[in-house]
Structures are given as structure tokens and as C-alpha cells.
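Think of it as A, B, C, D and E in the order they're written, each chain with its own count starting at 1.
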Amino acid sequence: MTALGGAVGLSVLAYLLLTGLSGDQGQVALLVVVWTIALIGLNLIQGLGGYPNLAHAAFFGGGAYLSAVLLDTGLPMTVAALLAVAGVMAAGLVVALVFSRTRGQYFAIGTMFFTAVATLVFTNAADLTGGPNGRPVALGYSLEATVVLLAASVGVGLALFHWASVSRFGDRLRAIRADEDLAQHVGVPTSRVKLLAMVCSAGAAAWAGVLFGQYNGVVAPSQFTFGQSFLMFVALGLGGAGRLLGPAVGAAVVIGLTQLLTLGPGVSQIVLGVLFILVTLLAPEGVLGGVSALARRVRAARTGRADRSVRGEGAVA
Amino acid sequence: MLDVHDLTITFGPTTAVRGVSLTAAAGTVTGVLGANGAGKTSTLLGILARAPRQSGRITFDGADVTGFDTGALVRAGIALCPENRRLFPNMSIEDNLLLGAYGTGRATRRTRLRDTYDRFGWVATRRAEPAGRLSGGQQQTVAIARALMSAPRLLLLDEPSSGLSPVAVDEVGAVLADIARDGTALVLVEQNVRLVRALCATAYVLAHGQVTASGPVPELLSDTAVSDAYLGTTA
Amino acid sequence: SPSGSPDSDVVKVGAILSLSGIYATLGPAQKNALQMGVEELNRTGFTVGGRKRTLEISYADDRSDAATTGVTALRELVQSQKVPVIAYGLGSDTYVPQLQRQPVPMVNMLDSSYPGILGLSDHLFLTRGASPTYVPGCLYYAKRKLGTTSISVITAKGEPYGEGLTQLVTKSAQAEGVRIAANSEFPLSSTDYSNAISAAVAAKPDAVYLSSVTAVILPVLKQLRQSGYTGPVIHSAGVNPNQAKAILGAQYDSIMKDNYDCAGTLPTTSQDPAAQAFAKDYQQRYDEYPQDLTMWAHDFPFIVAAAMTKADTVSDPAKIEQALKEIDVPQGTVSGWLPGDGGRLFTDRNARTASEVTAWCPGQDTLRSAMVFDVKDDAVVDPTFPQETCG
Amino acid sequence: MSQVLVNGVFLGCLFAVVAVGLTLVYGVMEVPNFAHAGVIVLSAYTTWSASAAGLPFALAALAGIACGALVSVLTEVLAYRWIIDRPAAAPAVALGLMLILQNVALRLYGGEGRSLDTPYDRVLLRLGGVSLSGVKAALVVLAVVSLLALHLLLSRTSLGRAMRAVAQDREAAAILGIPMRRQYALAFLIAGVLGGVAAIAYAPTFQVSPYMADEVLLSAFVVVVLGGLGSVWGAVAGGLVLGVVEGLGSAYLSPAYQSAFGFLLLVSILVLRPGGLRSTNARRVA
Amino acid sequence: MSALLVVEDVVKRFGGVAAVDGVSFTLDAGQVLGLIGPNGSGKTTLLGVLAGTHDPTSGKVTLDGRTASGRGAHRAVSAGIARTFQTTRLFGTWTLREALRLAHGERRGRPGWPDEQIANLLGLGDALDRPGASLTSAAQRLAMIALALATGPRVLLLDEPAVGMDGTEAAALAAAVRRAAGELGVAVVVVDHNMQFLMPLADTVLVMAAGAVLASGTPAQIRSDEAVIASYLGEA
């Protein structure tokens, strides 16, 4: 099981990065890990199902805020975390019900607006959320425990995703992505599948939010804007939507670039923009897709057979 | 009118058309026959510069048009009624028809529109509806009408009878015969043998991207080898 | 070079400023003033542990987003650069959890948010009078000098400084017996304020109070004037003439007419010669009208030097923090501190300056002092009214 | 109440002009054109710097519109054109372009707000209890004129018809001899012009800054969906409805949640009509 | 024993227009019904109602005595009704094998052929591992039928399956449909304008015109029906 091996390996790597790095780099490591967890969820609905879900930052923030609020009511951290995740999954269900009849860009813009409204709530419901400046988060887990949970979540998340991806659920989602009407006509209960994917996706985002809040110590509306949703969406695409490791690669690329490029105000952003475009143009299937295409070409060149007819898609990287 | 010489078309690893040569004269209907995947559609697309040509020279009306892009070919007087109709589903039927006469003056477009409505009466009654709502056969009729809107001197038709009821096939056949009589050159890709018989004087048979037989239609169709191999049991 | 002579040890401290984003009217000016202060300090340097030292500031931009960029910058400064003290502007509450994990004294040069930042953490110091110390002056002045009996308040919702101001204005208005004619809001991110403005003006107030920072209120002010309102406008944004010109455009002079600003004392209107000299230097060097906050920023290096000297360490945050609490008003500072108990700079981590109401001088691109005052127990004390002359 | 309506209509016109630019590009290329914000910003700055350099306002405005058109076409030629067959890649490219354009503006002009002055700054229209400032009235007029012009172009001219055709089936349009490249460039050109119009029309009420278009763009995207992707009249109707609903909600319920009212509107419309107010999708599932 | 599929007075309106206007018929297991009629007479729409693509405006469809209409396409499939489309629809980038596996997975325990056998039956053995989009247009139409068969239908609805096929190919297709009907007892409704293909294949033929049933009977009866000749078959 190379997939499982990879998942465990990534967990270990995540742990080493989180404990080994500090300051700026530590922050980058944290964000990469947190985003990876959130993007694993997104990889279900968007990667496999092809639904551009821009509510992800709202779910992410929902988990962070909700767990912080619940923790302050005196609940044990684990209970607060589970309740927060469950609450966000319920919200995910509602969002999915509302927008499940819409497709493509309609879905994208509907969910994007949902995030915009969630950000409004985070900003304005100051009694609960601390308002625009954010809300300090009490320590529910020790910092060490949080780091272990973060690292473990990456592995568990990837394993779960792999399992979902090779199961019938994964096939059904891929079918929805390819042609939703046709999928219905070969018997796929599309609405139910979409709802389930959206709810799972929201759950992963919420859990990532819980851990992010614990680690960062403060959550603020600016961390959960529709811009973040959009960035997550792009990250998954850049990493390789639908591929097992797409979330990790996408998170590393986007977070790494946004946080580590420091060429002065403006310039970093311009370079970032150019890089986004270049990666998109050069690697249509994301970085992972590009890598495997390159690997294929190298292998073909080495064996002397320029086998250009190979056209895999939706494969698990 | 049309002279295609040594046309070769490849899609990546697949060679769809290999060295096909054919001619079509004004006022006649030239058939292109062949089994599925023989390269008929690709040949028509190649003529109109819509498929990647590896080789081939195309002469139209005495002029070498090999290097022309599709726009220039259309302006020169070539029109294609494509496989699968390809109407613009969200645009009105009338807009679809008008697009067939893209690049002509407003007055011309209006006249031709009126001619089309005269020719296909029911189309006029539904002209404001989105084309995507029509039934398959109705769309096919509109697609043919759209191709006629440019008043082409060379009309390429890719299976115009598909989806049409037998009566409608006869009607379309009559229209096409009219057009040919008026001096247009027609190239007809068709599986409907009855239509081929009715319209075509000569035909080419393609197999695996190559011309394997050509000549007057009655002779071709009576050649049992040809009919068995490429046309199935003829009726 | 500005960072000292080669034979001195360079001490690095941090500064987290809003160099971009909606608070970008504040950060760059602070950076300018900090730079002036550092250079002045380093001309002579300071001595700690028997060695001559010079100061260097490591600047970070919080992009007006303390919770995300600011916290990251704080971690970076503390964990990687190991700075022993940090100057900063806005976002105090956001830094508290990180301060709990890794304490470091943080000296605030700007944050006036209501009800105050000092209760958030023991590691925070405030070098200025906060909004509760100057907002009561707005209403006091409006009532007595402008004859205001009713006022409409327009608030930027989702902008903490503005939300705090509105609470203070409401409270002070009550205390002064000024009626709040209307209380209208607009979301921070919006670009059209017509609903808030119509509601405020429809109540026919004697004056309008705009609650938020410069970059936010000036466009509102412009639309307010475009909508036909010509009455007095009061705010606590610290608008300077350069900003007014840039953001308001050609009509700025008429738009700024009848504008009153209550905030810290301005270096340009100050009676203190040190402050006046600083104002001149600053204006000459940067071709920009200095805001109140420039004085506090300018003084930060001197405060650090004094604390390090007293603590006899350049690296131990805890000792430096303790020393901050004990130092007197340092030499070379220009802010005009109101000294606390025993001449100390900080009383309960709070250093205060007098507050001021300024008024726009039409046709002169400058501000005049209309009232200088202090506030005790939410009430204005010791008001003085300079001659009403411009320039 | 009537003042709130007037305010809403003003906002609606602004949303509509921006949204129509988006919907046009979406219609032709299936691109969610976030870079439109950057186009607006650069147009506004160009107008600002031209008038700061002493050009009369009308000329400065033309310069701004020209800049919008140019930048918009450049985004197409340099970026979008290369992903024409991959709509899924469009969001990443759009985000990249938005970052580039906004930050180019930031580098060139700095982050502080700038005021754009117009000759009609001091005009104030009053009718009964309702007033509308000259700059806003000018926006309404500009919006109506440019949208009408666009409508005529799209519905009455061969060019407009061809543009809609390219939007629906590129290959079929090509077969009819319609030059696709030119249609794309044209769509972006028109969108850029509209972006420029939006910029010079509303910058005077607000300020010129690299972030001036962010909020408007979000609303405009909602308008695009409300109206049905690719539908110009839908965008106009959607813009007005959104402007008025948000205005009423903010005036009578809660200004802080202004955009939430738009969201509720969006949700209710999408639940009733998943294809938007003016759903144009006539594709059959058969 | 009553019929497998019972269609009772089905009406389907789009806006004001009745595309299907009161159609009734019954169909037994293993039977092949040919459905013909002029363009726009409502054949595709009728199939859509049977397959759950459209909800009927009125009337109902029962399968084995249970109502099957108006509950969405995937429920129709799980009840045992599968259809193909008039214009080709496939999961373009999927290989045929992947698509069949999906359809097979939704079969819900009904008996049916394994994927390989379905592919071989339709002459698609070589195409199993190629992406759908790379097949020729006729192969794509066959693949669509394979997909429908893989769901293990009891009623199979085919919309112009022989379009674009030459005589040999159409004959092979007819044979395959016959086998499915015979060996699996699938009831088949097939719409096509190719009479050489349809007439030999159908047990009974139903003719629609303007949404309603114009005539029904054996192929021979239909061929000689005056009204059908006038409106549909022509003088051929």
C-alpha cells in the first residue's frame, strides 16, 4: 500500500517540520499543514466531484471560532472540537442543500458569497467572535498535543481520502464531475453524493480550523475571507485536483510562495501572480500532473518508445 | 470547382486521412462514402482548414486556397453543415440562421432569411425560440438551412440526413437537388444509401483514411465488393 | 551610516507598523519619525554594560491585519530575530496569546482603542493618551464653542477604533447634554456611504461626528459634503493637510472647512520648543505635515535606550520590561509627556500627553489649536483656548 | 424611503456596469475575470494621473477608458488566450492577473487613496426630499448610455451575434467563418471599456486606491449569477435588484450586514431558479 | 400476468406546448417496441419521461406495478429503466471499462451480464481500455448502449441508436439488441428513423405524431398504414 505509506511518511514529515522550524518558517509549516488538512476535504467535493466550493474558508473559520467559543463555556477541548466540527458539517449540509441545484460557476459564486457573509458574521458578532480584531483562543490542548494532532491528521486524512477515492463514492464523484446528467442516468444518486461530499469536506475544513485556532492562539475574520477560499481553490488546482497528494503540494506551493516571497510590498504579489499563471500554463494538471507527465516522458525516452498516446486522467497520484 | 490533392490529416498519433484526392464539379453532388471512422468527417474538416493538415493542396474555383484560414474559405464561398448539427443552443433559431450568413450585408441576410422561411415553413413559426429546445431532427433541418444561408458555391454536408424522418429526408433531398441545379457544387457524406442514389452522380469510397474506390454511383453501388465492405446490405 | 559607528555594538529592536492597507495613513509616518529618533539617538549612542551601543530597528509590516500578518511578524521578531522589545501600532488584543507564550515588552505608539489596551496583558505599554482621554474634549468643545446641541454619528462598522470612538462619543454626549440625533453605520469595506449619510443628515444635527481613521473617514467626509451638508464635522482621525489634499482632491479646502479634530497634541501647534523643532525637522525632511503620532514614534528609541541602560542589559526582555516601569521621562524626547508619580514616564504602564482639539485653517493648508486639555474621570479638565488665529 | 431607493439605484447602476463586463467575458470565455478589479483600478489611476498632469477631465477620462480597454485586452492576449480550452484553469490565472494588476497599481501609485476631481463635483440634484450628487447622477447617466450601446451592439449587430456564438460553441462558430481570436479580444475590449467607465464614474464619489474595486467586484459577481451568466439584461436587472435590496436592508435592518441581504436574495433566487433570473440555458438533457 | 411496463396517458408540456399528449401503451419482458414518428413528434420526450429525465405533467408509468415516473433519473435506473441519448453522451475522458464499472456498481443486485460480455456483444471488445472521446462516432453510440446495459435494466430505452451507422453496423446492433431482449428478458423501446434497421427488429411499432399515438401494430401493418405513409414514411 504505497498510498498508506505515503500518508504515514507525510505525517512524520509534518511533525518534523512543525517541531523543527520556528518564527517565519514555523508559521509557514503550520499553515501548510493546516491547509493540507483542509484541502484534503476540498479534494473530495472539488477535486473528485468537480464542484468549485468557495465556502471552504468559511467552514475553516467556523471550526476555529466555534471551538474557541465552546471551549470558553467550560467544555473539555475534545468535546468542544467535536461539537464544532459537527456544527460546521451541519452548516455544510445546509449550504449544499441550498446550492446543490446549481452548477459550475453558479455554485462557485454562491459559495463564495456564503464565505463573504460568514466573514461578516465573524466581524460583526463581536460578542462571540471578538469582532474585527479577532478572538484570542484559550489553550485547550497543549502545544505539543496540537502539533501531534496536526501531524496525525495529515496522515489520517490522506488515508481516508485514498479510501474514499478508490471506493464507489469516489467513482460516483468523478462521474458527477465528468457529466452529472449522464451520471444520473447510469443510476448515480447525484444529490445525495454531492451532499455527502460537501459535508465531509466541511468537516475536514472545520477540524483544520480547530487545530489552527489552537496553534495560532488567535482567530480573526481576515483569516477566513472569500479571498482565502479562492486561494484554497487555486491551491488545490495548482497541486493537482483529485490527486491524493494534491492538497499537500498545493498547500506547500501556495503558502510557501505567499509567505516566503519577501521582495517588498507589491513586488512579491506581482511575482506571485506571475507564478500562478506560469504554473497553470505549464502544468495543466497541477504540479503533480506535471511531474507525472514529465516522469512518463522521461521513462518513455529512456525506454526509447515515445509512447505519446498515454492519457491518464483522474488517476490517484 | 473543388480539387483536393493528396490530403493527409493526423490527430496526434492517429492518421485520419492519408493522401486523399477528390474533385467536385459545380452543379453536381459528389458523394463520400465509407464505414465509421473511415475519415469522411476529417476530410470535410480538412478542406475547410478545421483539421490539422499534414499535406495536401486544395484548389477552389481555379485558385490555390491551401493556405487560407477558415474565415477566408467561407468568404470565398465554401460552407459546411457539420456532423452533429452544432447549432448554438442558447441563441434563437433566427440568430442561428443569420450567423450562417456571417460577413454579408444586412439586406442580403434579410433576403436569405426570407428564402429560408419560404423553404422550411415550420422554422418561421418557431424562429424566436432557442435552438436548443428543438428536437434532434428539427435541429438538423435548421443546421442545413443555416449552411444554405451563406449561399455557398461549394457546400459540404456531413450526414445531413441523420435524425431526419424518411419524409424529411426526401424533402431535404429535394432542396439539395435544387441547390445543385442552381450551380452549387455539393460534397455529401452520407450513410443513407437512398439519398446517395437519389442525389449523387459520382462518389468516392473511403476506408482507413484512403480512397479505395471512386466512380459513377450506380456502378459503385452495384459493385458487391464495395457494398459489402463499406455500405452493408444495400436496400 | 545611521546605525552607529563601527566601534559600537548594534542593538536590534522590533517595530510592527501598518505600512500598507487601510491604516497606511499611519504606519509610514511612524516609520519616518522612528528613523529620525534612531538617528538622533545614535549620534551619541547609549551605554549599557560599559559598552557603547547604537540602536537598529527591524521593521515589519502588519498590512493593517494584526491577527494574520501582525502575529506572524511578532513570532518572527521574537523567535528568529530575538528582539528584546517591540514598538507597534494597532492590534494589541491580537498579540496577547503570543505574548502569553513568549513574553516580550511591547510599546504601543498608536492604539487608542476603547476601553483601552493596558488591561489585555502586563507586557503592553502605552506611550500616548488613549481615545478616552481625548474624545470627551470633542463634545466639550462642540457644545461650548460651536453651540452644538445635537450631533449625528457615522461609524465604520467593523473597524475597531471607530466602533470604540462611537461608544465614547455617545457617553460624552450624554455627559455634556448633547443629543445624539442619529447613529448611522456603514460596513468598513463599502465604497458608497449614501445610506449612512442620508440617515445622519436627515436628523438635522448641529454637527456630524465621523468615527474612524483617516483613510476611512475622508471619503465619507467627501460624500457627506457632496450630498450638500455644510455644517461642522468632528472626528478623531488626525487628518493632516497632505492627506486631505490627496484623498479629497481639488475641493479639499472647502470640504475641510468647519472640520474639528480631537486627538493628541500636534507637534506643529505645540508650545514646547522641542516639539516645534521636531515638527520643523520632520516637515523639512519628509515634506509632510507631522501628525500627533510622529512624536511618540520619534521618542521610542530614547525610551528603549533609557530602559536598557537602567536594566543594564540589551537582551533580557523581562529586565527591560521591569526597567520601562521605572524610567523617568528620557532626555531628547519631544512628546511633552505629562510626568506621572515621582517623575516617571509610565504610570501603570501608561505614559500620557495632553490632548488637543484642532481646527482646519481654510486657505492655509494648516491646522490651528482650538483647545488643549486633559481628561480626568471622563471629564475635561484644565482646558485652555489659544487665540483663534491661523498660521 | 425614496432616498434609499435612489441610493440603491445608483449602486445598482454601478454593479450593473461592472457585472456586464464580467458576464460578457464569462460568456465568451468562461473566465471568472477577477482581473477586472485590476482593470478598474488602473483605469482610475490613469485618469487620476492624467488630470493631475493638467489634462482636462474629459480627456483624462478618455485616457482612463483607453487604459482599461488596453489592459483588459492584454490580459486576454497574454494570459487567458492560452487556457482557452481549459476553463478549469481560469480561476488560478484570474487570481494571478488580479494580483499582478493590483500590485502594479500599488507600486506605481502607492497605497494611499487619491481623489479624482471632476468638473461636476459641486453639482447637487434635488427633487423633493431626495437628493443625488452630481458625480452619482453622472454615473447613472454613463451607465445607462453604455449599457444601451452594448445592448444594441450585442442584439442588433452581426458582430454581437458572432460574439454570442463564439461564446456558445467555438468550433461551430469557426466553421461559419467567424474569426474567434478577434471576438475574444473584442469581448475583453468592451469589458475593459466598461471597467473604465465604472472607474471614472465612481472613483469621484470614493477614492482611487488599489483596493477600490474589491467590494464592488464581489457584488458584481453576485449580480452576474443573479442575472444568469452571460446575460446582459440579466446583469442589468440583477444589478438594480441587488442595489435596492442591499440599500433597503442596510437602511432598515442592519448596515453591518448589508451584503448579507444580497446573499439572501441570491439564495432565494438560486433556489427558485438555479440558472438565475434570466436563465438562458436551453441545452436539453437528451 | 400483467405487462412489465405500463404507460398510462402520459402528458408532458414545456411551457404551453404539449410535446407528449396522452400516450399509453404496455410492454412485456423481452419485447422490442419500435417508436417512430415525424421530427418533433415527441419520441425523445416520451423516452425522457419513462427514464425519469423529465417529470410527466400528468399520467404515470408503472414498472411491475410500481410507479416509476416522476422520481428522477437515478431512481428510474435503480427501478430498472435505462436510456441512451439522441446526441452522444459519455464520460469523455474515462475508458469504457471505468464507465462500465460505475454503471455496473449502480446495478442494485439485478441479474445482468458482466462488463466484458456487454462490450463483446456490442463489438466493443477492443475499445474497453480507450477513453470514450477517442472512439469513432458509431463506437461512441454503442458505448452509450453498453453503459445503459451495464446498469442491468429491465427496460432499455434507445434513442436513435443507429444514427450514422452503415447497413452492416446497424444489422449487428439489431442482433445485439435482440440478444439482450431474448437472453435477459429486457423490454426494449427503440426510436430510429432508419427503417431497414428498425422494422426487422421491432415486435410492434408505435407511431407518434404531434405528441399523440397515430398508429400501432406489427411492422407489416405499419408499413402499409396510409396515415403513417403520408406523414412519416413517404412514398418509399
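One rule holds for everything that comes next: contacts are C-beta pairs under 8 Å (C-beta built on N, C-alpha and C of every residue); 3 or more make two chains touch, one makes a residue touch a chain.
Here the structure is a predicted model, which means the values were calculated and not measured.
The set of chains in contact with chain A as well as chain B comprises D, E. Using the average of C-alpha coordinates as each chain's centre, C ends up farthest from chain E. With respect to chain B, maximal separation of chain centres occurs for C (centres as means of Cα atoms).
The interface with the greater number of C-beta contacts, when A-D is set against B-D, is A-D.
Mean C-alpha position of chain A lies 40 Å from that of chain C. Remark: chain B and chain C have CA centroids separated by 78 Å (rounded to whole angstrom). Across the assembly, chain A contributes residues 120, 123-124, 181, 265 that each touch 2 or more other chains.
Shared contact sites, meaning residues of chain C that touch two or more other chains, fall at 20, 157-158, 187.
Multi-chain contact residues of chain E, defined as those touching 2 or more other chains: 44-45, 53, 85-87. Of all residues in chain C, only 19-20, 61, 65-68, 71-72, 75-76, 78-81, 91, 93-94, 96-98, 100-101, 113, 157-160, 163, 187-188 touch chain A in the complex they form. Remark: chain A residues 168, 171-172, 174-175, 178-179, 181-190, 311, 313-314 touch chain E in the complex.
On chain E, the positions that touch chain A within their shared complex are 51, 53, 72-75, 77-78, 82-83, 85, 89-94, 98-99, 101-103, 105-108, 131, 147-148, 150-151. Residue ranges on chain D touching chain B, taken from their complex, read 158, 161-162, 164-165, 168-169, 171-179, 230, 280-284. The touching residues of chain C, counted against chain D in their complex, run 20-21, 24-25, 157-158, 184-187, 189-192, 194-196, 198-199, 202, 215, 218-219, 222-223, 226-228, 243, 246-252.
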